[in-house]
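See below for the structure under consideration.
For reference, chains read A, B and C in written order, and residue numbers begin at 1 within each chain.
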């Protein structure tokens, strides 16, 4: 989907990305024609149910898809001018961690249990930056302090199991920003944290972003986080982006039935309802996608045309697009 | 109309297509099952299948090879004098031939002794051993012995092990006060037995108590036993919390009744898988014990003992050791495959079990 | 860390005591222990010898005291004499230990050098020829009985092909003589190492921290060895103590097959000749060796996995 008019080129541009997986039930089209842009300093949120393709999109961007069952069939991922899909593996590993970094979901398991925190933080620095050894340790301490790890000098020798969940997630964050990436991808970074710690962590990420000017992609299913953190939102369903726009546009004027349904399922404190709204039906099987709009079977506004042909994106407002035949 | 009637009269024989056969072959472990069934049947009805009495000694026919082996000369131990030329005379051998047979230092006039291999025939399919006993018959009876020993030990071990697992898992219900300690005690015992080197202990027991068949059975039952308690207990712990158990308790059923009527059926799957996997190990241990002379006693045929016998004759009569060894291998491999299949089918959680 | 070691050592000593108790009670279970010292179907002892033996074993004293006397002698290195040779048990065992240790060493080398790399390869290159080979080896290792491997080995490599000598430890060191016995001994454990390493590697390679390491930009080889392998090796390491326990069993059979003059064959001949004192000595020795290996493995394990150290 196209972005609003921009004065400068976007930092990241994904065009028509398709990632398929060969399984014994058929070819699973996990990501089926996804395009979006990310500008400098901007935070994009990607929302959707499990299975919508958001994690696979993220993994494809980092080229971390396991290649035997999966493959990137088509598309381009342009980061800072170069197409990541054209790079060799060794070139790509230079990009990973330095220009584009990742914070993954589960702090319990994302840190290697047999190495110290210091070892793991300095590893990224050592690989990507050509600075003398003494400075590596200083940089590591600096970045640990930035994520508010208390007593960083003594903590740096600790092992992951000696830290609390919240602190571990902050260390993962530290690893992510250690090389000043252009884009930081956060894949549901707060799902396994306590609610109070969540708020702290999100604030931390926002501060870091403001300080460094990096762009962020936030992958989540939680609209509350989207509201707090993101400038723009892309809604994904069954491997495709169905609606994209600014946070305000999406919340105030959802133009795709799926987006509407998602927003309606979030219970609001002010309302007094007897039953919580849940979207009827099930998402389609990704190896057996229907012709036409994938949401058709669950859509309250479904028309005949929806089952015949997949809708293109229609502009709703400036920078706000939705793939629904109602807008035709 | 006429065509319809002639259709009906066509033969009803359904020939499975290749696709269907392939499907069955892939889903079910046909190979192992067939092998095991054959062995069990043959072993169980050994007297029917064995062509000879396994204990029948027939010295003139000793060390006959299996039926497919051809030999060069007649089955005798011959002393031959080295002669310059080859001769019709049975007692003479040419110098060249002697040298060819490996006697590189031989000279004319020397006497050399050749062990000449007898020829195989269909009267002894697997050949004969060093005292002339038919190897095939001994093999069949050996299968029977292994079968019996394994079946008995496995069953007794199973009963004890499963009972222990059931009790350990449910102990806190049966004995509200000491239950937890009983559970721990049982598990400790199981852990300790895991660390014991079986063969060594078996040998010591044999020395102390003598080489009796009963001792062998007891030993094997002991080996069979300790695989069960841990996993059975885990199952019980899970099943303990299910609704139908709660219902039974509310209805006033006694703990024992709950255990054996309600919980036990849920445990059967796991038990079956473990049992199948264990049988292979039992057979191996029995074979090793027989090999070392601590198992089934001669002259009763047992595969392990036959291999031990055959060891001295490897150069001349390799078949004495080969066939029983193959037998052990076949059985254990089939059991392994069968066990793996059962585990995948009935209880994939056991995949950590080695 | 040192507290950890001290704890393990004291645990080992306690177990050793229990073992001596068990061994001792075995000899007293059958009633008069002198019966064990008489060879089966052998000549028996003269009445004077019988009585002398009774005094030597302190049979007039209560059982607990007998145990203490026996223990005292054992600790001082006196485990009696072999019934067969009339040589002190300790001496016989000492002569045999070197042979067994050497064999065990080579067997272990084989097991680890074949099992672990094949396990890694089999996991990393899933579905390839290495994978099938690895799984084949694992299967064969588990199902072929130890003695059969040895015997078939002798049959094929010594008798038919004449490549390798037929076992039996030579006076001077000759590597060729070690090949078949070591392979026979280590075969079963190689399969075990292979399976363990393979499943550990598979688990680890799927883990989140490996994913993060890749996301950091660590190149593939380093991810494999520094991150994945270092974690995967923990399981096979613990397995080593089981391996060596298995070697005790295996050595008995292997040494018998190859006529290797070690502790295993000693055990075999002891059973054959009903030589009880030797058996007792062997049991104690084996238990001790097993415990020492366990101790080592535990310490090594703690070093490799910091969670145990500081947990």
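Here is the rule we use: contacts are C-beta pairs under 8 Å (C-beta built on N, C-alpha and C of every residue); 3 or more make two chains touch, one makes a residue touch a chain.
None of these values were measured; they are calculated from a predicted model.
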| item | value |
| --- | --- |
| Topology of the chain contact graph, where touching chains are joined (line, ring, star, complete, other) | line |
| Top-ranked pair of chains - ranking by C-beta pairs in contact | B-C |
| Whole-Å gap separating subunit A and subunit C, where each centre is the average of the chain's CA atoms | 53 |
| Between subunit A and subunit B, centroid-to-centroid distance (C-alpha), Å | 57 |
| Whole-Å gap between the CA centroids of subunit B and subunit C | 24 |
| Contacting residues of subunit C [partner subunit A, same complex] | 126-127, 207-220, 227, 230-231, 234, 304-307, 310-311 |
| Residues of subunit A that touch subunit C when the two form their complex | 62, 64, 68, 89-90, 93-98, 101-102, 104-106, 109-116, 123-124, 127-128, 159, 161-162, 172, 175 |
| Residue ranges of subunit C touching subunit B (in the complex, touch as defined) | 26-27, 29-30, 36, 40, 139, 142-148, 151-152, 154-155, 159, 192, 195-196, 245-246, 248-249, 252-253, 256-257, 267-268, 270-272, 274-276, 279, 282-283, 286, 290 |
| Footprint of subunit C on subunit B - complex, ascending | 195, 197-200, 203-204, 206-210, 280, 284, 287-288, 291-294, 304, 307-308, 310-311, 314-315, 318, 321-322, 325, 328-329, 332-333, 336, 354 |
